[in-house]
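Got a structure for you, written out below as structure tokens; questions coming shortly.
Per-chain numbering from 1; labels A, B and C assigned in written order.
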């Protein structure tokens, strides 16, 4: 740990820097469902949470779907086979969520303080949700938002307290059987956020969730449902870290967004799991008439990430966007991408994806753009650029585009390159050392996307890229 | 139609073996192994990535037979002032103009494949079925090996430049029948040659099966131009399973024109195996009616300094369906690769569907690789420009469509062949 | 005989650009329309040619007494209105020879077009090309594809010469910087000029008028013509710039 400690002193207070998250506290859990997944695990979770019967049935149905669905090896990474589902803990929690940091158990509080969460809350957030392993430990929102009718609670609380809003949309954007891992999440989900923004309410500051895995061989399955009512606007940010263990952990989230008529949702992720975490996430938004959903996604950590944020453009003139940055280092596979499902006339979508592969890292882009029915005047534009730093770095691009209808147009462009030698030489000639020149060039490559992140994140992203680039030259 | 000769039963293969005359043992063995492979492999399913988006239900071959016992004479078809031509009808050689004495003296071979197997076994054997595309149609590849009886063998010795293009025409004439034309082109060091390979049915609307394969080998510094015109009947089910292999500093330049067929599956695997090799793959398809044109491509870079360039253009009318699925695969160590891939789809009907899957797998960093895919309608501004000159809308649209074709036609590199293709397109287009 | 535009109101994407615009171009005359950027000069050209993005809300344009608004763009063109594009569109794969031929035969009845031989066509085409000093290899190139600015202008003038319009509108709004292109347009106009054609040259810069001597100069501002005069008006604009136009007429629009 001593090396990590010094690292931390050099660059304090960076919640996306990998080593800062690399610590853990010994803690005793009040609840532990034990290892392995059976119906008993589900009963345990339901009992602890005191959930209604319909949810117990939903979870059990999902477990069956999960067990029946094969691992998608036809196209996905073979590495999925190495996940030992019997060694994972599916539910571990301590204490109940509270609205005051003072009431959070000490070691959990210390964890989030060390990650700078309370500080950020004071500085620029409208609300914070902090999840420690399976449950939310802290959940708070500015007073004025309560008054406007905004709901920002953990998903467990949402389902118990606001069933009339929660239930109609829950599992509708992403059905249980969408894929094997969405079924897994549906069976054992715990934590995550439930958010409702009332008609016309426009949040000026973002809501933030912070996901922390502390225990070894932990499975974190948060579930987020955001409903933006007509004409409302909101931004949600999530960050995540975990300590580096020898064994692997699993993070499998499901995030459902619903943007009703004219609403706007921006969902920002900075994923910095330690490199022992499998990160298998299903994210999809439903955009109705004139609504807009933007996924702004940055993947830096994890061993294998599989994540393809999607927008279903259900209403006329709806817009969808995915902006994505991925950094794949040695031993990492960032398998990311996007899906745009056009389901109404005059809908438009935009995808920009940039990836950087360093060392033996592998970055993949998988895309799906569909205009399958007799739609009119839909547009999609996709750009994927990959940068390869070392001779053995790898990148893949696998888009699939289906178009029919009238007046629709789809453009897809992708390129792969290395950092230009001319560029590096030019900078060296001005006295900049090679490694720094490389960092500058890489930062330049992702610059236009980094700018789309909230300022507080973009500064840190840039610094992180510098750190990731260290020692990658030569 | 003799049902006992169905492609699903063993009788057809036994009849085929009996029909072969003076074939060497190694070939018979090859065929026997292939037949076993064909029987063992499953028919394609859509879940398989290699068949994504494809309609696989019509591929079971249950209503086709094959009969080697009778050949039919077909009228010859001359397109250009060619160096020589070979004409085939229902997998039998039916004549053509032989090579000039000069080329024959230089050692150029252009002859029916079965003759080459007998007369030049060592030349044929080296490359015959050496590299097939292996892109999802392995079952049909095996069937092709098992049942082929003839085709083109073109061999150009070291340093020989064949100036005039060579031509071959493969015709299918039987309702419910099947053909397995094979084309093998080998160009030795520094050799240069052009082959027009034309596939057609004797009558419009006959329903038959074709499973063709063309393998091209360009040795160091060789230059091969291969132009394939697929003009099967509008009811044909056809596979074209092609490969192009480029050695050091060689160029294989392949163009595929798809005009006919009810259901076409095309596979084209370009491999660069020698430093500085180059593969060019272009294609133009006009899809009408309920046609499905399913094309899969692979650009494999196994050597340094290779260059590959691909442009596949589709025009879709009526309820047609096209699939372009392409992959550039750069192996580890294949540094300084330049590889490009472009797919353009022009949708002229609201009921047509195009699927585009342009892919990249890059395992070397010092590369320039890109791909692009666009799908859309005729450009409004181009159309307006034409209207503003007084050209009526329909005519303007047609001019623009032919303008879209022209980018590929211009690459054919022979005015007679280009005109022939233009005429085929014109005829097909005006049928609507 | 004239092109008579009256009370013309045009909008694009719900934004009104031309407001009660009036202008009459008699045959045999060359008019110049000048004015600051964004004042609606290009809109006038596009709207007359029938571009689908431009909505004519009100007004009429009579070409020798015949209304052209509401007609398809190709009909307007065949009635005798030619627009030289500010930015000619590139059309890959369609050769200039085929393109112009399609445009020429579209103006003929079936009999005449059947009788119109390739030889006769090329004879006419080459004659015009020689006159405009365009090399003959040009005909095989795709329309405007990869052309320099000057070549594009030359190609527009060639089309105008071949199609013999009754009225021509040359939209040269932003191309003032390319002196070569300007000269080509000017020479083209001078060659075409005569009693059978009315020409409108739209330009931002006075420089074009160094090469063309217009009969009438109009100043356009805020979607309408605010001042008309002889060639001396162009000189005044050159000397004083457009600032005074805004000062003097800003209140009117």
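Simple rule for what comes next: a contact is a pair of C-beta atoms (placed from the backbone, for glycine too) under 8 Å apart; a residue touches a chain by one contact, two chains touch by 3 or more.
A quick note: this is a predicted structure, and the numbers were derived from the prediction, not measured.
**Q** Please name the chain that ends up farthest from chain A once chain centres are defined by their CA atoms averaged.
**A** Most distant chain from chain A: C.
**Q** Given the contact rule stated at the top, which pair of chains has the most C-beta pairs in contact?
**A** After tallying contacts for each pair, the winner is A-B.
**Q** Between chain A and chain C, tell me the centre distance in angstrom, where each centre is the average of that chain's C-alpha atoms.
**A** That pair's centroid distance is 55 Å.
**Q** Determine the centre-to-centre distance between chain B and chain C, using the mean Cα coordinates as centres, and give it in whole Å.
**A** Their C-alpha centroids are separated by 49 Å.
**Q** Calculate how many whole Å lie between the centre of chain A and the centre of chain B, each centre taken as the average of the chain's C-alpha atoms.
**A** About 45 Å, centre to centre.
**Q** Over in the complex, which chain A residues touch chain B? Could you list them?
**A** These residues of chain A touch chain B: 74-75, 372, 374, 386, 388-418.
**Q** Using the touch definition from the top, list the residues of chain C that touch chain B in their complex.
**A** 49-52, 72-74, 76-78, 83, 85, 88-94, 98-100, 102-103, 106-107, 142-143, 159, 163
**Q** Under the definition above, what is the set of chain B residues touching chain C in their complex?
**A** My answer: residues 379-382, 384-393, 395-396, 399-400, 402-407, 410.
**Q** Across the complex, what residues on chain B touch chain A?
**A** Spelled out, the residues of chain B in touch with chain A are 47-49, 52-53, 332-333, 335, 345, 347, 350-377.
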